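The data blocks that follow each hold one structure.
After this come two complexes, each holding chain A, first together with chain B and then together with chain C.
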Partner chain A sequence: MMRRDLVILAVLAAAALALPYVASEFVVSLALSCLMYAALASSWASFCGSTRYLSLATAAFFGIGAYTSALTLGTLPWLAAIGLGAAIAAAVAVVMGAAVLHLRGTYFAVLTFGMTELIRHSIAYFEKQVTGTVGRVLTVVPERDTIYLTVLGLAVAAVLAAIFIRPSRFGLAMAGIGADEQRAETLGVDTRVVKIAGFAFTAAFAGAVGAAMSVRWTYIDPATVFNPFIGFQTVLIALIGGAATLWGPLLAAVVFSLLAETLRLQMPQVYMMSLGLLLILSVLYLPGGLASIRWRRA
Partner chain B sequence: MNRHPLVEARALTVRFGGLTAVDAVSAAFAPGELVGIIGPNGAGKTTFFNALSGVVAPTSGELFALGEPLAGAAPHRFAEHGIARTFQTPRVFASLSVAANVGFGLRFAGRRRPVPALLRDEASILALLGLEAQAALPAAAITPSQQRLLEIGMALATRPRVLLLDEVAAGLVEREIEAIARLAHRLRDELDLTVIWIEHAVTTLLRQVERVIVLHEGRKIADGTPAEVMRNPEVVEAYLGDEMAEPA
Partner chain C sequence: MTLGAWAELVASGVITGGVYALVALGLNLQYGLMRILNIAHGEFLMLGAFLTWAAQTGFGISPLVMLPVAFLLLMALGLAIHRLTFRRLARTSADLDVFEARGLMVSFGLMFLVQNFAQWLWGGELRGYDYLADPVAIGDARFAANKLVLLALALAISGALIVVLRTTLLGKGVRALMQSPTGAQLVGIDTERLHPLMFGVGLGLSGVAGCLLSMTYTISPAMGEPYTVTALIVITLGGFGSMAGALVGGIALGVIEAVGMHFTNPSLKTLLSYGIFIAVLLWRPNGLFARR
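The block that comes next holds the complex of A and B.
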């Protein structure tokens, strides 16, 4: 099972690696968007899918990563800036998680959303009052292929981590929390530590992706990089693909990025409507997500 | 050997708002004891277990495992100290296999505890319960009485010193209850395990245990051998009444 998953991942990664050499500028940019959401949704599902703690804070960590690289790229090398973005996002997640991870369900979801907004407005306020700017211009921008390879690396790392976490003690502990948190506790799982670690893991990926993607915009401001839509879309992709499955988030990330690129520019409302409709349909008729279809047929 | 009792509650009290579910209960349990806890509905039996296993934090009073204070600690700390429990309604991991349900405890609390041969791995625990044939089935697919056995197996996988059984016999037929009682005796005899057993069906339980604690409205009103407890006038008046008047 694990060997099969690793082979599939290797084949997909090789195909994605070859893409910039053969495909057009537009296709590569489309693929970059696919990879971004594959990394976000897969890492989100590793924690949120298995524990069923629905976090809406992806945009917070993405934005933190984006700001980190915007502020440090002049002085730090590319990969160091991305690593720092991941580290700061994870550190924020540890603090945020310690404060809200004892809450479940709607309360947890709403609070993570509230904290995202709090971070966004705090940064906007700080920039305006203290540094006297409304946004940041990115002057040091790496080559297109560097960005592509980095985000590809993050997407592969996210799926690879998911493959190895699932059968591990950490993965089992998270699955136990999702199935019956109190039962898992009485069997010896330190649920507090596991939840905070899982949340920080998710945040580190979102931070790294944000740090890598920020350079695609030459100018960033809090409204762009802390856009709640990044968080919502991550959640929707993971849920529609199947948050508890390994390949579901990746599959849905590709489908949705293609859908987004083809529809969003011409018919943005149609795109949002189809997203909403698919979510409703999948929650009602396919609670396991797109990736669960084959199991039903068997 | 440690001179402390295995588990000890001192003036343990649990309040929910205005309701005192457990009222200043003190009790100590020694290794290898087979103890029954009885009391009418609402007597505080399950809440007492919840406190003993860390699932609810006591409002006041103290809890010790081998002399170490545990009141207010998270449930996983109780499991690490060798206190395992079952739940009244089986709470098995429905999507995992029967063997994986047992494996869960082995990989967490059980990992840091001494390994007796009876509780060596999934197979030996399932053999103890007679669930070998179901090992590969998902836990959702086995019968309710098998799920009750699996509950016990999940608790045993933490390799405990103390096993808290919460109404494991409810809804089972006499033959199945006898099997669980034999298992309890065997675990006590071979592993020196302390078994504390709550049961609503009093007559069933009194035949199986050597010591009985009676709870009534949250308070402990009796603690002794089944014969002593049955003679206790407060117990007869408060709870047993006509049930004990019937020939056992």
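The block that comes next holds the complex of A and C.
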């Protein structure tokens, strides 16, 4: 099972690696957005899918990463800026997780959403009052291929981490928490530590992706990088693909990015409406996600 | 500050607070009774506001006439939505926690759907109309007449809902369901009928709130989300399912915001309300979220 997954991943990664050399500018930018959501959704599903803690805070970590690289890219080298973005996002996740991870279900979802908005408004307020700007223009921008390779690396790392975490002690502990938290605790799992570590793990990926993607836009402000929609779409992709499965989030990320890029420019509202409809339909009729259709046969 | 200035500040806080309480009523009913945390609440409020605006500017119909119309139209919509989604959800979910999580996702979907439908239909710009906009002097302070009408109606509707829940048989059934769904079914309360009805009433109340708000504030398809957040804060402050608590919580929030904004600056408003929200949730999550 694990060997098969690794082979699939290697083939996919090789195909994605060859893409910038053969495909047009448009296709590469499409692939970049696929990879971004693949990394976000896979890392989200590793923690939230197995523990069933519905985090809406992805946008917060993404934004923190984006701001970190925007502020430090002039002084730090590219990879260091991304690493720093991941580290700060993970540190924020540890603090946030320590405060809210004792709450389950709706409370957790609503609180993470509230905290994302609080961070966004705080940064917007700080920028307006103290630094006197609305957004920031990025002047030092790496080449397109550098960004592409970095995001590809992050996506591969997210899936790779998911493959190795699943059968590990850590992964089993998270799955145990998702099945029955009290039982897991009785059986000796330190649920608090596992949950905070898992939350920080997803946050680190979201922060790194945010740091890598911010340079794509060359201009960032709190409203774009902390857009709650980034969080929603990540959750949506993971849920529709199947949050408890390995390949579901990846599959759905590709489908959605294609849908988004083709529909969004011509008919943005129709895209958003179909997104809402798809979410409702998948929650109602496909609770296990796209990937569960094939799995059921076995 | 003089006493008069204080009175005016607190009074404007109470007026805003009355609006908050009104906005929270429908969501309170839906979450308190059925554990449907309807994130799309503000979007339905926006629909009510747009209906009223369209009737006022298109046909010159008074917003006060539109009040019951908005209620009935949105209630019908609520019944349809419940029938299409939440009924199936309740049947296929293993337990209440699963139902709650899936219900939350469905309402996120509804939020996308309704908000973008409105944007597609009416465009994204701000709209408004004048209705009873002349100021009325009370003592030294002056308030717009429509705001006073808004406060009076908000208090009247909240009061009516509290009385209905306290005194009628229907209200008794609703309260019984809030306390114990299984127990209520055991004594013969028809959940299959009460749930859709109350979901519809919840949506109808959000339509009423939107209708009243359109008299005083400008409206746009994106107006819903801040109201959803406000409603969440209010029912967290007041305790889920408690109508009287939401009324007090709403007015308290209005006054806190008015006073807080006066002493700091207006751009801190959202920061302040999110701060209060998170503080309350962290400080008393079970006491406020759990039914008493």
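As a working rule, the second predicted complex is superposed on the first by the 296 of 298 C-alpha atoms of A that agree within 3 Å, B and C clash if a C-alpha of one lies under 4 Å from a C-alpha of the other, contacts with A are read in each partner's own complex, and residues count from 1 in each chain.
Throughout what follows, a contact is a pair of C-beta atoms (placed from the backbone, for glycine too) under 8 Å apart; a residue touches a chain by one contact, two chains touch by 3 or more.
Here the structure is a predicted model, which means the values were calculated and not measured.
Once the two complexes are laid over each other on the shared chain, residue contacts for A:Gly276 go to chain C alone; chain B is not touched. Residue contacts after overlaying the shared chain place A:Val100 against chain C, while chain B stays out of touching range.
Applying the stated contact rule after C-alpha superposition, one finds that A:Arg183 touches chain B and leaves chain C untouched.
Set against each other, chain B and chain C differ in how many residues of chain A they touch, and the higher count belongs to C. Of the two partner chains, chain B is the only one that A:Arg192 touches; chain C does not reach it.
When both complexes are overlaid on chain A, the residue A:Leu239 reaches chain C alone and has no touch with chain B.
Legend: residue contacts after superposition of the two complexes on their common chain; A:Asp221 is shown touching neither chain B nor chain C.
By the touch criterion stated above, A:Leu172 is placed in contact with chain B alone, chain C being left untouched.
Once chain A of one complex is fitted onto chain A of the other, the partner contacts of A:Ser122 are limited to chain C, with no touch recorded for chain B.
No residue of chain A lies in contact with both chain B in one complex and chain C in the other.
Here chain B touches chain A in the complex through residues 53-55, 74-76, 78-80, 84-85, 87, 91, 93-96, 104-105, 107-111, 154-155, 157-158, going by the rule given at the top. Interface residues of chain C facing chain A in the complex, by the touch rule stated above, are 35, 37, 85, 88-89, 92, 97, 100-102, 104-106, 108-117, 119-120, 229, 232, 267-268, 270-271, 274-275, 277-278, 281-282, 285, 289. For chain A in complex with chain B, the touching residues are 169, 172-173, 175-176, 179-180, 182-192. Residue ranges of chain A in contact with chain C, taken from their complex: 52, 54, 99-100, 103-107, 109-111, 114-115, 117-118, 121-122, 125, 128-129, 232, 235, 239, 268-270, 272-273, 275-280, 283-284, 287.
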